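Following: one structure in C-alpha cells, then a few remarks.
The letters A, B, C and D name the chains in turn, as written, and every chain counts its residues from 1.
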Amino acid sequence: MTAFHIDCEMSYDVVQQSLFVFNLAIPNSSQQRVIAETITTTPATAYDEFRDEAGHNRFLRVDVAPGPFTVRYLATVELQPPLIDVDAPEVPLARLPGELLIYVRPSRYCEVEAIYGFAVRKFGNLPTGYRRVQAICQWVKENVDYQTGSSTVNSSARDVLANRAGVCRDFAHLVIALCRALNVPARFVTAYTRYETPPPDFHAVVEAYLGDRWHLFDPTELAPISDLVRLGIGRDALDVPFATYFGSAQMRRLSPMVLQAKPGETLMTLQTEDAGIVLSPSAPVSGVRA
Amino acid sequence: MTAFHIDCEMSYDVVQQSLFVFNLAIPNSSQQRVIAETITTTPATAYDEFRDEAGHNRFLRVDVAPGPFTVRYLATVELQPPLIDVDAPEVPLARLPGELLIYVRPSRYCEVEAIYGFAVRKFGNLPTGYRRVQAICQWVKENVDYQTGSSTVNSSARDVLANRAGVCRDFAHLVIALCRALNVPARFVTAYTRYETPPPDFHAVVEAYLGDRWHLFDPTELAPISDLVRLGIGRDALDVPFATYFGSAQMRRLSPMVLQAKPGETLMTLQTEDAGIVLSPSAPVSGVRA
Amino acid sequence: MTAFHIDCEMSYDVVQQSLFVFNLAIPNSSQQRVIAETITTTPATAYDEFRDEAGHNRFLRVDVAPGPFTVRYLATVELQPPLIDVDAPEVPLARLPGELLIYVRPSRYCEVEAIYGFAVRKFGNLPTGYRRVQAICQWVKENVDYQTGSSTVNSSARDVLANRAGVCRDFAHLVIALCRALNVPARFVTAYTRYETPPPDFHAVVEAYLGDRWHLFDPTELAPISDLVRLGIGRDALDVPFATYFGSAQMRRLSPMVLQAKPGETLMTLQTEDAGIVLSPSAPVSGVRA
Amino acid sequence: MTAFHIDCEMSYDVVQQSLFVFNLAIPNSSQQRVIAETITTTPATAYDEFRDEAGHNRFLRVDVAPGPFTVRYLATVELQPPLIDVDAPEVPLARLPGELLIYVRPSRYCEVEAIYGFAVRKFGNLPTGYRRVQAICQWVKENVDYQTGSSTVNSSARDVLANRAGVCRDFAHLVIALCRALNVPARFVTAYTRYETPPPDFHAVVEAYLGDRWHLFDPTELAPISDLVRLGIGRDALDVPFATYFGSAQMRRLSPMVLQAKPGETLMTLQTEDAGIVLSPSAPVSGVRA
C-alpha cells in the first residue's frame, strides 16, 4: 500500500457572480481511502458537496462573488496496489451486472457505431480479455500522437481515430470507444497523478471491466497506474469536468500537485511560487453561461 | 386518480443468438403506481431485470435464440393527477439539489452550447418559471413540423432547430436543450399513451424542474399529460431506448396499446389482429452489434 | 486503343413536375473520344445540355411531367491506354499549375484537416510520387471493407477512415483526402465500367496529379483502369452526381451497361429484360426538393 | 460611378519555407474596373498569378523564405452603381443558365438540406424575387447577433442558424443556404470595403441571381453595397480564402484599408503606423500544413 499527498489549487478571475461546480475531492472506494482532507476557498466562501445520481463522484458547489477566487484541496490518500490480472476474461453481456451495460453503449465523446468497423477489423480477432484491452491501449499509444493543442473540447473518439493526435482525454475516449465496440464495458476516469514533466495537470485514463472487476489502463503511459488517484468516474469526459461554471470567469491557474507520502504523513502543502500556470488546460472545463 | 391498462408487444425475427435489453416495464413513483403487471416471452425465455445506476429505469435482459421472438408486457397503473402549476418558479442553480445539475448540462442529443444563442435571444427575456417552459413548448409546436421520416436516430436538438421537422423524440430534445440553455433542468421521458390516431407507438415528452418538482410537458400536444404513463427517464434518448440488442435481429412489430381502466380492472388484453405493424419505429431502438 | 459501348438507362416515377439534371454523357479528352452517342427520353421530352463553370462535365437538364420517365444514353467511346508511370514524381506546389491547387484543399467529403495526422503518420515517410499514391490505394483496399449499405450520402473521408467500411465513392473520398494531406492533387472521377458481378452500377475512382499528368487509380480494384470510361470530374462526389432532381420523384431503375466494342461497331443496345434494378443506388443521387 | 483606393497589407512571421496563395487582387467585371494596381512583396519575392478553373478569381502564389514577410496590394478601382432592382424575379431552374445550377446546391458551409425545413417554413410563402432575398437578409440581420469570436472556421450555415451568432462570413453562409433551399442561386462574395469602425478587415457578402443578373446583398448592413469592391467569388468561403499557406507561419498584421477616390487619383497609400493589427482575423485563412 502506498499513499499520496494531493495539493490542488484552481484560481479564477470572476467577472460576475458565478456558480462553480468542482470535481476535486477524492471519493473512497475499495481501491483507495482518503485519510485526511481539507477544502479551502479564498476569499472564504460557503460551499456544499453533493454526488451525482449514480453516487460515483463528489462535487463541490460554490457561489462566487466577482473578484479573484481560489479553491484549494489538500488530501492524503492511501491506494491499494492496482489490479493487474492479465488473464482476466471478458464477461459475456448476458452475465454482466445490468447497470454496467451502459458502459458498452455509445456516449457523447465515444461514438461506438462510428468506429465499429475499425474496432472489429483491428481487434476483433485478438485473444479476448485483459490482453485485448492491453493491445488496444498499446495500439493507441503507438498510433496516436500525444500533442497538446491538437484537439478541442469537442473532439471525440472518431475525430482522434481519424487525426491520430490528442491528449490524455482523447486517448481515453478512443480506447473506451474501441472497447465498447467489442462489448467490453469501459469508462472514463480522471485522476491525480505525478507527471514526469511539468506543468502539473489532471490526468484522464480508462477503466475496463474484466473478470468481474474494473481494471485501470493508461494508454498514454504517462504515469504508472500504481500512482493514479482516482478522482471522477463517468461514461466520458462529459460526466466529470474538473470545473464547470455558470456565469463569467477566467481561469488563471490550475495546479494539481501530487507527492508520494511517507508513512504517517498527512496533508502536506505542495504548492510553490512557480507551480503550473495553465491558461487553456487540456482538462474538460465547461464553458461560460450567463 | 385515473388508471390505465398497458398491453405492449414487441416482435423480432432473431437471426443469431442475441441479447436484448428492453425498457418496457413501468417504474413506480410518487406520480404513478403499478397495481398489476405480467411479462411474457414467446418462446418462453428466461430474463432478468435490473436498474440503471441512478435507479430511475427498469430494464429487462433476455438472451434470445434464433427464430421469432416476442416480448409482451401487460400492466395496470394508477396515475396521480398531473402537476400543473403555472406559477412554479425556476430554481436558482445555487439552490438546486446538486444531483440535478446534470440536467442543465449538454448531452449527446441536446447540444446546449450550439443552441445557446438562439435560446437566449428568443426566450431569455420572457417571464421565468413554468410559463417560460410553456412558451418554449408552444414555440416548438408552432415552429417545428411533426413529420415522420424527417429525422434519424442521429438527429439532435441542433439539427431539429435548423430543419424545423421531427418526431416526438426530436421535439423533446429541442425543448430540453432550450430549457437547459436557460438553466432550467430538463430531462427526457418516454411514455405509454393513447395516440389519437394509429399506429400505436411509444411517446417521448419532457420534464422540467420548477418550484422543487418535476413537471411534465408534451410539446407535440399529441396526448393530454394526464394520460401519460412515464416509462423511462434520462438525459436524452440515449439513456432510455425501448429496445437495444447485441446480435442480429429484425423488428417485426411494435404495438404499445393503452386503454383507460375502469375501477377494479386489472391486466386487460388489448392487442388485436391488426394492431400496429411498425417496421422503422420512431422509438430509439439501438443498432445491431455482432 | 480499345473501345466500349455504353447503354445506360435511368427510370423514375415522377410524382410532380420535376427538373432533372443528369451527368450521363461522356466528355472528350486526351484520353477518350466519343465516336457516337444518342440520348433518348421516354416519353420524349426536350432537354438541354450545359457544362459546369470549369468546363469538365456535361450535364443534361430535363423538365419532366408527372408519370414514368426514362432517360437512356447510348455511346461508343475509344479509350487511350491508361497512363501508368510508376516513376511519376510529385509536383512541388510552387510549380503546380495554379488552378490545380484547389485539388490539395479540403472539400465537403474530403476533410483534409481532420485526417491530416493520420496521413502524415502513415504515409508521410514513404517514397513520394506514383508509388506513394499506390501505397495509399493499397492501404485503403486492405483496411476498408467494401460493403454496400455501410455508408450514406453524408459519409465523408473521416467517417470512412473511422469506420473502415464503405463503397467505391467512399474509397475514393478517403484516398483523395489522404493524397491532399500530403500535398498531392487528387480529384474524384465517376466512370462507366464493367463490374465483374451484377448489378451494373456507376463507379467512382480517383485521379492524382503526378509528373504533370492526371493518373487514374481505383482503390477498390473492382475494375482494371484500362476499362474505365471517365464520366464526371470534380473535387468530390458533390460536384458530379449522376442525377439531381428538383421536385418529387422515385428512382425505379439504374442500369449502366458496358461492353467492350469490336472494331467498327457503334451504339450497341445492351439493356436486357432483367438488368439491374437498383432502388437505393450507391451513386450520389441528390435529394428531392420542392 | 465612384472609385476607391485599396491599400491592403498582410504581414507574417514565416517559420519555415512556406508557399502562400493570396486572393488580394481585384478582378475586372461588368461592375468594376481596376484602373491601376501594384503588388509589392517585402522582402522582394517572385510571385505568379493564376485563376481558378472557373476563371472568377485572381490568386497570387509566393514561395516565401523564413523570416518576416509582407505582401501589399495597392489598387484604384472604378465601380458601377450597384444593381438594385426590387422587382427582379426569381428565374425558374429550367431556364437558369446551366452552369449556375451549382449555386442552388449544397456546399461545405451551406448545408441546404439541413436547413430546408426552416427555409420553407419561414420564407416559402413570401412573395418571390428580390424582395424575398431582402426579407431573408433582414431576418438574418434581426435574428443573428454579429459577434466576433462566436464562430470558428468550421461554423456552417446550420450552426449559425442554431446558435444565432456569427460574423460577416457566417451571415453570408446562412443567407446563401436559405436562398438555395428556395431554389434561388446564391454565392459567396468577399469584398474590400470601408468599415465604419476599426479595425479594418475584409468583408463577406452575398450575390443572388435574380432577373438574369447577380445582385449584391449585405445581410450585416455593415457597409452600403455601393461601397463594396468585389474580391472573390465562390460557392462559399472554402473557395475564396484571403490567404492560404503550406508550411509554417504566423500572421502578424492584416490591414485592408479603403478610401473613396477623387476623380483622377490613382494608387494612394493608406497604411498608417497604427492601422489594424489582427491576430485571429475573421477572414477565412487556411491552416498550416507541413
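As a working rule, contacts are C-beta pairs under 8 Å (C-beta built on N, C-alpha and C of every residue); 3 or more make two chains touch, one makes a residue touch a chain.
These numbers were taken from a predicted model, which means no experiment stands behind them.
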Touching both chain A and chain D we find B, C
Roughly how far is chain C from chain D, going centre to centre by Cα mean, in whole Å?
31
How many angstrom between the C-alpha centroids of chain D and chain B?
46
Chain B residues touching 2+ other chains are 116
Each pair of chains that touches is included here, namely A-B, A-C, B-D, C-D
So in the complex, which bits of chain C are touching chain D?
19, 21, 48-56, 59, 61, 63, 93-94, 97-99, 101-102, 104-108, 113, 116, 120, 181, 183, 238-239, 244, 246, 286-287, 289-290
Can you check the complex and tell me which residues of chain B touch chain D?
114-118, 121, 143, 145, 150, 158-159, 161-165
